[in-house]
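Chain lettering (A, B and C) follows the sequence in which the chains are written, and residue indices restart at 1 in each chain.
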Amino acid sequence: MYQLIELIAVVSSAIYGVLLARRHGMDLVGVFSLAFMVAFGGGTLRDLFLDRNPLFWIANDHYAVIVFVLAIVTSLIPMLPEKTERWLNLPDAIGLGFFSIAGALAAVEAGTSLFIASMLGVVTGTFGGVIADVICNRVPSLFRPAPLYATCSFLGCWLMFLLNASSLPEAYAVPIAIAGIVLLRLAADRWD
Amino acid sequence: MYQLIELIAVVSSAIYGVLLARRHGMDLVGVFSLAFMVAFGGGTLRDLFLDRNPLFWIANDHYAVIVFVLAIVTSLIPMLPEKTERWLNLPDAIGLGFFSIAGALAAVEAGTSLFIASMLGVVTGTFGGVIADVICNRVPSLFRPAPLYATCSFLGCWLMFLLNASSLPEAYAVPIAIAGIVLLRLAADRWD
Amino acid sequence: MYQLIELIAVVSSAIYGVLLARRHGMDLVGVFSLAFMVAFGGGTLRDLFLDRNPLFWIANDHYAVIVFVLAIVTSLIPMLPEKTERWLNLPDAIGLGFFSIAGALAAVEAGTSLFIASMLGVVTGTFGGVIADVICNRVPSLFRPAPLYATCSFLGCWLMFLLNASSLPEAYAVPIAIAGIVLLRLAADRWD
């Protein structure tokens, strides 16, 4: 199941990175570089912090090929800016949900405390977007009052810990926590 | 003694991060995130560079709880901006001094040359502030002619090496070097 | 041979960093810090990603001394801004070529797939410049349509893999690939 979570997280984050890069008028190299950073940034930091080796995108080297193909395919499609603006939120929220839980699960497995695990969930879920913001030279949205990426991620991790503690099997707790993060994030966008 | 140095460094850096975030009008999530990065950024880079494992804030998981509580407590206090401006310098200088020496000591212990150790002292002491600057979208103050963080840190590390070489016990050399960095940094602020 | 490649890469990247910092009017500390980051940034990321230990600039601690001396020497020379603008491109292109191939070779040696190795070549070759751009608060030039650092690096890595696959000995394939990247990069600058 862990592999599937990571794959979905990578694919949706890559799509988000590609759309974001296209909106900023980047060329193919920029599109691929940004997609690569958004898709692999958070997980790389998690793997470095937990000393997991090799890094998840070196161990699963088809991930990079997937991102590469995604960047090429979407570069062939002429972009419709008014539409993508709205569509950016969906892959962003999905990537946040799946990466947050992937980060928290990996940290728990490595034996950290639950509080540290939830922080690594937040780092894994949000760092790709923070890099994208720094690259695009904006104040990272994590630090502006509006859409609370870190809060959604943090609450979702604790929802999973609580469900686990109440002896719900992981096969249920994990999808519920992921869905919680994605829905909370989309709701925050809507009510902003 | 090493544990105590690190604890003081974390607490004062976290206070600096919290005050800086408050001054930029961030919400609780932003305050905690910035405090976390300022308090753990430099030491994390040191641990990654020296392959120390687990990272110091994963091994000492009460550090994160301390930062979390600090962020919440200070969020309840209404801020007095004119006063904090001056108070920002003190925790900043203390964090610089304690983290610089903590970085240099860890590097020496890992068997690096003294020159590399002093560079790791500078990295450990200054990186938190550099991240804060990049996040707040300013040219990092390390790179502007004015207040020389890196110089204070570098000189303090070499002061410690010299005192050690002149066979002064570490129990004296370390506090003297830390005090040297803090005072030099505060003096640089005053005469700027 | 690998040592020589790395040494040339470090020296030319450090010269680039020094010139760039001088052009931005930084003092000696800023000059050394930027030179250090440009010269060691890409290789550090490669070593962290591949879990190579100790880091190449900790293992070869004369590198840091070389960068330090370079920063001091060039600080004594009064700068002629109109001339350096053109001269910036040469050490930049040389650093890109040597670091890209050093990154790809290290990745292949660590047993990654060729696609991952070429990506690590790009990361090693370009990351120093990306840091410099972020520090100087510009949109990293990697992400603007103009001079394609990442493309030159990526093509050069694949040139080396192809030459190797066609059973050309590494002693020929490596210099050809490096020369290819440097020339491609200089040509891109000229025709921009």
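Note that a residue touches a chain if its C-beta (ideal position, glycine included) is under 8 Å from a C-beta of that chain, and two chains touch if they have at least 3 such contacts.
What you see is a predicted model; the values in this text were computed from it and never measured.
Chain contacts here are complete: no pair of chains fails to touch.
Residue numbering at the chain B/chain C interface overlaps only partly, since under half of the positions present are found in both copies.
Once the centre of each chain is set as its mean CA position, chain B and chain C turn out to be 30 Å apart. Contact of a single residue of chain A with at least two other chains is seen at positions 48, 134, 137.
By the touch rule above, chain C contacts chain B in their complex via residues 21, 24-27, 29-30, 33-34, 36, 44, 48, 53-55, 57-58, 61, 64-65, 68, 134-137. Against chain A, the residues of chain C that register as touching in their complex are 48-51, 112-113, 115-116, 119, 134, 137-140, 142-145, 148, 150-151.
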